[in-house]
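Same chain, two partners: subunit A is paired with subunit B first, then with subunit C.
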Partner chain A sequence: MIRFILKRLGSGLVVLFAVSALTFFLLYISSGSIARNILGDQATPEQLALKEAELGLDQPILARYFRWLVNAFGGDLGASWFTSEPVTSSLATRIPVTMTMVFTAMILIAIIATLIGVAAAVKRGWVDRVVQIGAIIGDSVPGFVIGVLLVTILAIQLGLFPATSTISPGSPPDAWVLSMTLPVIALLINGVTGGAQQIRSAVIKQLERDYVRTLRSRGIGEREILFKHVLRSAAPAGLTVLSLQLIGMLGGVVILEQIFALPGMGPLAVTATSQSDLPVVMGVVMYTVAVVIVVNLLVDLANGWLNPKVRTS
Partner chain B sequence: MKLGPKAAITAITVSAALALTACGGGTAKPGSGVPAATALTIGALADVRSWDPAQAHVGHTLQPYQAAYDSLILREPDGKLSPMLATAWKYNAANTVLTVDLRTDVTFSDGAKFDAEAAKSNLDHFKKANGPQMAQLTSVADVKVVDADTIDLNLTTPDPSLEYYLSQAAGLMGSPKALGTEAIKTEPVGSGPYVMEKASSVKDSQSVFNARKDYWNKDLQKYQKLTFKILADITARTNALVSGQVDAALLDPKTGKQAEGAKMILAKNEVDWQGLLLMDRDGTKNPALKDVRVRQAINYAFDRKTILDQVMLGQGTPTSQPFGKESGAWDEKLENKYPYDPAKAKALLKEAGYASGLTIEVPAIPNFETQISVVKQQLADIGITMNIGAALTNTFTSDVAAQKFNTMYFSLFQGEPWVAINQMISTKALYNPFKNTTPELQAKIDAVQNGGTDANKLAQEVNKYVVEQAWFAPLFRVNQMYYHNSKVDVKPQIQMAVPSIYNYSPAK
Partner chain C sequence: MTESVETSALTPLPGTAGQTGTVVRSHILKRLFKNPLGIIAVGILLTMSLLAVFADVLAPFEENFANISKTLADPDGVNILGTDSAGRDVWSRLLFGARLTLLSALLCAGVAIGIGLPAGLIAGYYAGKFEAMSNWVVSILMSLPGLIVLLTIRAAFGPSVWIAMIAFGILISPSYFRLTRTTVQSVRNELYVDAARVSGLSDLSIITRHIFSVVRAPIIIQTAAIAGVAIAIQSGLEFLGLGDPSKASWGVMLSEGFKNVYLKPQLLFWPAFAMALTIGGLVLLGNAIRDALEDSEKIKHRKKPVVKGTTAAPAKTRAERRSVAAVDVGTEHHLLKVTNLGVGYPQADGSVKKVVDDVSFYVDRGEILGIVGESGSGKSQTAFSILGLLPDNARIVAGSIQFDGNYTVAPGDERVNQGRLSKLRGKRISYIPQEPMSNLDPAFTIGYQLVTPMVRVLGISKAEATKRAMKLLSDVGIVNPKRTFDAYPHEVSGGMAQRVLIAGAISCEPDLVIADEPTTALDVTVQADVLDLIRELQIRLNIGVVLVTHNFGVVADLCDRVVVMQNGRLIEEGPVRDILRNPQETYTQTLLGSMLEGKEPMTMLVSSSPKGAAS
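Moving on to the complex of A and B:
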C-alpha cells in the first residue's frame, strides 16, 4: 500500500513539473508586453525597459523558468507582477474559501445523490421516472444560472441571505454559513443530478448480478443485501463520478465566486490570467494540478478500501 | 447488522451535512445589515494594486487613495481646482516654474509632519517609482525646497495639465517615513480623512477605513466608517446594491434598469467617447485613408442617434467631436458637424475616386461586438467594406504603437484638453501611432502648450482642426451609470466614472 501511494505521489510530481513547464512557456508566448500592461498606455519606452528589468524579464526564458522552479521547490512561488503580493499568501487566504465551498458541496452531493440514486434503482416505477426527468432538467441548467435565480429570489426578494459574500477575516461562523449557502446549492444541483444517475445505473447493474440472487436464495434480507453487498460493489462507479465532478467544480466555482463576490480562487484566476500575471497564474495552475492529483489518489485509495480486488492492480 | 467504521463515517457526515443545511435555513438573516448613518459602503470595481501613492491611477482607481491620502490640489466636482495641502500656486511668466505654498498644520497618520521637504520627497518618489501615471510628472525637471512651506517645481517645458495632475495621482502625499517601504504597499500612510483598519481589510475583497481623529478639514470627512467592497462582476455589484449591501456602485444601462426598479438613484456623467479612430491619415498602410474626403464620408455614414438608442439604450449624446463637453475645448458648432447623410457620403467617395468602394480593417474588440457590427452595416450602405480582424488581446497597446491597426473602433477617456491631445493627437500620443501631423496643427498644439490659463480655450482650435480633417469618426459620448441608494447623496465628478470620495454625503 505504502509503495502504491509513493508511486502515485511520484508520478504526481512528474505531472506537476511537466504542467509547470508547459504553462510557463505558453504564458511566455502569449503574454506580450507585460510591462506595458502594468504601466498602462501612457508609459514611455524608458519606463517600460526599467519595469522589465525590475521583473527580470530581460533574462532568457530558460533562466527565468529555472529560477522559478528552484524557488518553487523552496516554497517560494514569487510575487504578483501587478500587486507585489506574494503568491503563497494570496493562495493561503483564498484556498480555504474555495475548498470549503467545494468540499461542502461534495459531501452533500455524495449523500443526496446516493439516497436518490439508490431509491430510484430499488423502487423503480414512478420514483425512478421522476428521478430521471429531474436529472435531465437539473443537468441542463448551468450552475451560474441557478446561482443568479437563487440570489434574485432568496436574497433580493426575500432577504434571507446576503446577495454577495460577507466573509472577511474574523467573520463569525454564521457569516460563512450564510454566505456559502446559495453558492453551494448552485454547485450542488448539477452534481446531485449527474451523480444520482450514475449511482442508479450502477446499483441496478449489481442488483441483476448472480450473487444477489444467491444471497436472496439463502434468505438474507433485502436491506442487508443492499447496504452490505450491492452498495459496496456499486461504490467505485459512484466515487469515480464524484471525483470527476469535484475536478469539474474547480471550473464551475470560478463563475459562482464572481457572482457571489466570494474571495476565493476564481476571481484570482480570472484576473491573473487576463492580465498575464505569470507568477499568480503559475500558482493557480500548480494548486489546481495538486488538487486533481490528490483527489485521484484518494479515490483510488477509497476504491481499494471498499473493494479488495482493485488493490492488486 | 453490526455497525462498522464505514457506517460510522457515513453517520457522521450525514449529521454534519444536516447541521449545515439546518443553519443555512434556520437562522437566516442578511449578513451585512443596514449601515449606520455615518457608515458608507462603496461597491468598487477592483482593488488597488498597491497603496504606495506613486502607484495610484486615474478615474475609479484613484478614489480609494483619496480616503487615505490628501492631494496638493483639490479638484471640485465641476473640475475647478481648489486649495488642499497647497494653499496657493503660481507660474512664472514663462510657465516654466510653478511655485506652490503649502499648509503647515497637517500631520500624517504615523505622526510625521507635512512640510516642503515631505512634498519634495513625494514628488521625487513619484518620478522614480515607475507607477502607471509616472508620465504626469514628465515635464518636472526637479523640485526645490524654497522654505519650510514653499516648493518650486522647475519644468523642462510648459505643461498646461500640471496643476490638474497635482489634484490626481501625482499630487497624493504619503508620509515621507513610509515612502519606499514594503509596508506602505499593503497599508497606506497618508494625511487623508480616513485611516485603514488593516485587520478587517482583505486584498481583493474589502478595504475598511475609519475616520481619522483631528483631521484638519472636517468638511471633507463625512463618515465615521468607509468600506470599499470589491465587486468585480457587474451582476454581483447590481445584487449588492439592490439588496442594500453597498450604498453606491457603477452599473451599466442594462443593469441600471434593474437598479431603477429597486428605486436606486442615478448620478450620470459623460466620461468617454466611442467611435472610429481613423489612424492612418497619411495613407501609409491604407492609401484611401489619406484622402480627407474619404474620412469625411465615413463620418457622414452614421446615424448616431439611432445607434445610441438601439445599442446604448439612449444613454449618451451623439457627437462629431472627440473632446469632452466640460473640457473647455468643446465647441457647440462642432457637435453636429457630420449629420447622417449617406448620399453626401457617397458623393464624397466618388469625388475622391472611390465610387466603386474601398476596404478598411478594424480589430474585433471584446464588449463592443454590437457597435462594430452596426458600424460595419452603415459603412456597407455607402460602399465601404469593413473587415473585422482578430480580437484585441492584452498586448493591444504594443500592437497599436506598432501600427498594426490603421483604423479601430474604440472608447477613449475624455480628459482635460492637454491630456486628450497627448493621448490621441500629438505625435507622442499612443493613439496617433502613425505620428500624423501638419505644421498648421503643430502650431495650434504649441499654442495650447504655451497658453497658460488660456490653454483650454486654445485647444478649441485643435479640436476644430481634427474634426474638419476628420481624424476620427466619433459617434457619441457615453453616460457612466453610477447608482446609489436614498441614504446617500452623490455628486458626479467630471471626467470620472466614479466620483471623488469627497462627493458622498449622508442624505438629508
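Moving on to the complex of A and C:
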C-alpha cells in the first residue's frame, strides 16, 4: 500500500517536472519584450537592459529554468515581474476562495448526482426520463453561460444575491455563503447532470449482475442490496467521473470568478497569462496540476479500497 | 459494434470495405431519421452550418461595421435583432460568430481525431511498448486542466483561436485514443479478425476493413460530444476577452452583453441561445446515433426468437399430447406445486412472447426433481418464477405456484407475490446458481456473504452466525474453513466458490433448494464431487430439490423424478428410471442420445440401462 502511494507520488513528481519544463519553455517564446511591457514605451535601452538583468532574462534559458527549479524545490516560486508580490503569498490569499468553491461543488455533486442517478436507475419510468432530459439540457449549456444567466436573473433582476462579491479571506461566513452560492450552482449543474447519468448506468449495470439475484435469493432486503452492494460496486465509475469533472472545474472556475468578481486564482491566471508574467503563471500551473495529481491519487486509493481485487494484489 | 457483423451476414457478397461501410451507414441513418430527436438534431446542425457557410451573403452588415449613432438599439427593420453598445448589428455578428464557432469545433475535433485515432488503433492492435508509452502521455494530458493550459498557450503564441483549438485538440485527443484502443482490444481477438489474419490479409487492410468499421460509430458519438466541449471552451476564452478582438464570436457577444447587463440584458440572449442550440444539437445527435446503434443490436437479438417461433410451429402437435405428460397436480398437498404456469415478456409491438407455457409439476420434501431441456427451453425461467427472481419486465401470463399450501403466484396474478416470497426466500426456499464466480459479490469476503443472510433471516447474532458459517464450510467439504471464510471471491477456485454457494443455500435450513445448472460451469473433475455433495445434503437435511439442467447424466445420477421441457412446454414427465429406459418423446430420445455420445464422465454411471432404450 505504502509502496503504491510512493510510486504514484513519484510519477506525480515526474509529471509536475515535465509540465513545469514545458510551461517554462513555452513562456520563453513570448518573454522577448517583457522588460518593455513592464517599464513602458518611454524606457531607454539602458533601463531595459538593467531590468532584464534584474529579472535574469539575460541568462541562457536552461540556466534560468534550472534556477527556477532549485528555488521551487526550496518552496520559493519567485515574485511577479509586474507587481513584485511573491507568488506563494498571492497564491495563498487566492487558493482558499477557489478551493472552497471547487470542493463545495464537488461534494454537492457527489451527493446529488448519486441520489438522482440511483433514483433513475431503480425507479426508471418518468424519474428516469426527467434525468435523461436534464442531462441533455445540462450538457447543452456551458457552465459559464449558466453563471451569466444566474447573475442576470437572480442577482441583477431579482436582487436575491450580490452580483459581484466583496469577500476576502477575512470576511464573515455569511458573506462567503452569499457570494459563493451562485458560482457554486453554476459549477454544479453540468457536474450533477453528467454525474447522475454515469451513476445511473453504473447502477443499472450492477443491478443486472448475477450476484444481485443471489443476494435476493438469500433473503437480503432490496435497500441493503442497493446501498451496500450495488452502490459500492458502482462507486468507482462515479469517482472516476468526479475526478474528471474536477479537472474541468479548475478551468471553469476561472471564468466564473471573472463573472462574479471573486478574488480567486482565476483573475490571477488571466492577468498573469495575458502579461506573460512567468513566475505567476508557473505558480498557478504547478498548483493546479498538483491538485489534480493528489485528487487522482485519492481516487485511485478509494477505488482500491472499494475493490479488493486491486487491494490484495 | 456488432452491426458490421450483422450487415456482413446480410450482404450476400462480402465486397470491399466501402460496400459494407455504406450498408452499415444507411442502416444507422435510416434509424436515425426514424427518431424525431435525430431529425431535430440534424436539422439544427444543418441550419447552423448553412448560416455559417453563407454568412457573407446572409449578413446585412460587415461583422465589425459599427454605426456609432445607433448603439444598443432595439430590433427594427434594418437591424433585425438590434445593435450592441458599439452600434454593430447583432444578427450579422451572430452569423459570423457561427462560422468561427463551427470552424473551431471542427478544427479541434479534427486534430483530436488525427492524433487519438491512429494512436489508439496502433496501441490497441499491437499493444506492447507503444501502448505503454502512449498510456503515459495520456495520463499526463488528462491531468492537465484545459483552460489553464490554453491561457498559457495564449501567453506563448498570442491570441489566436486556431492555435488555441489545435492545442485543445491535442489535450482532448486521449478521449479518442482510449475509445479506439478499448474497442480495438475487444475485437482484436475475435474470430473473424483471426480468420482475416489467417487468410493472409495484411495488418493494414485488417485495420481498415474490419477494425475501423467497428470504431467508426463510437467515434462519431464521441465527436459530437467533443465538438460541444470545444464550442464551450472556445466561447469561454472569447468571453474572457482572450480571443482575437477583430473577429465576431458568440463568446465576445456574450461578454459584450454582460458588460451592458444593466442597460440591455437582451443582448445576452442571442449568443447564449445560439450556443445552447448548437451544443444541444450535437448532444442530441450523439444520443440519437447511440440509440440507433442499440436498436440495431436489439433487433439482432430479437432475430433468435423469431427463428425459434418457426420451429415451434410443429410443437403444437406435441401440445395435444401434453395432457398425457402433464402431471396431475390435483388437490393434494405438496411442498411446491406449479400449476399451468405461463411466463411471458411484453414486446415492443404489444404482443407477449411466451417463454414458459402451461407447465405443471410438483416437488415433495426429500426428493430431487430434475427439469431437463436445452437452453431456451424455459427451464431457468420456470426456476426463477418459483424464486420470484424473474427480470422486471417478465409477466406471469397464466397459472399459479403454491409453496407449502400458500400461493406465491395466485391464479390470475400478473406478478409474483413479492411480499410473501421475500419472507420465504433465503429462509425456506433457497438457490444455488450456475456460475459460481459471478454470483458472489467481489467486494465482500466470503465470510461476510455467508454470515449476513443468517443474521438477517434467522435473527441470530454475528458471533453465532460466524460459528455456523465455519461449520457449514467444513460441511460442504472445505478443508480450511477459516481461510476460505476470510478470503475474497477472486481468491478461491470455481469449485470452492460453488461449495460456498451451496453452503449459503443451506445456511438457513431451507425446505426447498432450487439449483440452476449447479455443475455446468465447473471442471468435470469437480462436477461429480459437487453432485455428491448435493445428494448427501439433501438426504441428511431431508429437503426438496429442483435441479435445472441440460445434462441427462446429472439427472440420472441425482434425480428421483424428471420433467422434460422444450420450447417453454413440458413434454414428458416421470420417474427417472422410466424416462431413461423408455423415453416416449423423440426430443427426450435426442437429449438422451446426445448424452450417450457426450464426453462427460457422468454418463458412465448409467451407461448400461438406457442404451437399448435410446436406440
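Note that the second predicted complex is superposed on the first by the 310 of 313 C-alpha atoms of A that agree within 3 Å, B and C clash if a C-alpha of one lies under 4 Å from a C-alpha of the other, contacts with A are read in each partner's own complex, and residues count from 1 in each chain.
One rule holds in what follows: contacts are C-beta pairs under 8 Å (C-beta built on N, C-alpha and C of every residue); 3 or more make two chains touch, one makes a residue touch a chain.
Given the structure is predicted, the values throughout are model-derived calculations rather than measurements.
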item	value
Side-by-side fit of subunit B and subunit C on subunit A, or clash	clash
Contacts of A:V148 with subunit B and subunit C, given as first, second, both or neither	both
First (subunit B), second (subunit C), both or neither touched by A:R36	first
Which superposed partner A:V285 touches (first subunit B, second subunit C, both, neither)	second
Touching partner for A:P60 - first (subunit B), second (subunit C), both, neither	neither
Which superposed partner A:G219 touches (first subunit B, second subunit C, both, neither)	second
Touching partner for A:G75 - first (subunit B), second (subunit C), both, neither	neither
First (subunit B), second (subunit C), both or neither touched by A:G125	neither
Subunit B versus subunit C as contact partner of A:S90, first or second or both or neither	first
Single subunit C stretch clashing with subunit B - from 114-122, 168-176, 204-212 or 258-266	258-266
Common ground on subunit A, meaning residues reached by subunit C in one complex and by subunit B in the other	30, 148, 151-152, 156, 224, 258-259, 270, 274-276
Of subunit A, residues touching subunit B in the complex	30-33, 36-44, 47, 50-51, 54, 82-85, 90, 93, 104, 107-108, 110-111, 148, 151-152, 155-156, 159-170, 174-175, 177-181, 223-224, 227-228, 258-261, 263, 267-268, 270-271, 274-276
Residues on subunit B engaged by subunit A in the complex (per definition of touch)	1, 13-14, 16-17, 20-21, 23-24, 27-32, 47, 49-50, 57, 130-135, 138, 185-186, 199-200, 202-206, 229-233, 235-236, 239-240, 242-243, 245, 262, 393-395, 397-398, 422-423, 430
List of subunit C residues in touch with subunit A within their complex	139-140, 142-158, 225, 228, 231-233, 235-236, 239-240, 242, 254, 258, 261-262, 265, 268, 272, 275-277, 279-280, 283-284, 287, 387, 389, 422, 425-427, 430-431, 433, 435, 438-445, 452-453, 456-457, 488, 490-491, 501, 504, 508
Subunit A - residues contacting subunit C, complex	15, 18-19, 23, 26-27, 29-30, 136-137, 139-145, 148-149, 151-152, 156-157, 209-211, 213-221, 224, 229, 232-233, 244, 247-248, 250-252, 254-255, 258-259, 269-270, 272-276, 281, 284-285, 288-289, 292-293, 296, 306-309, 312
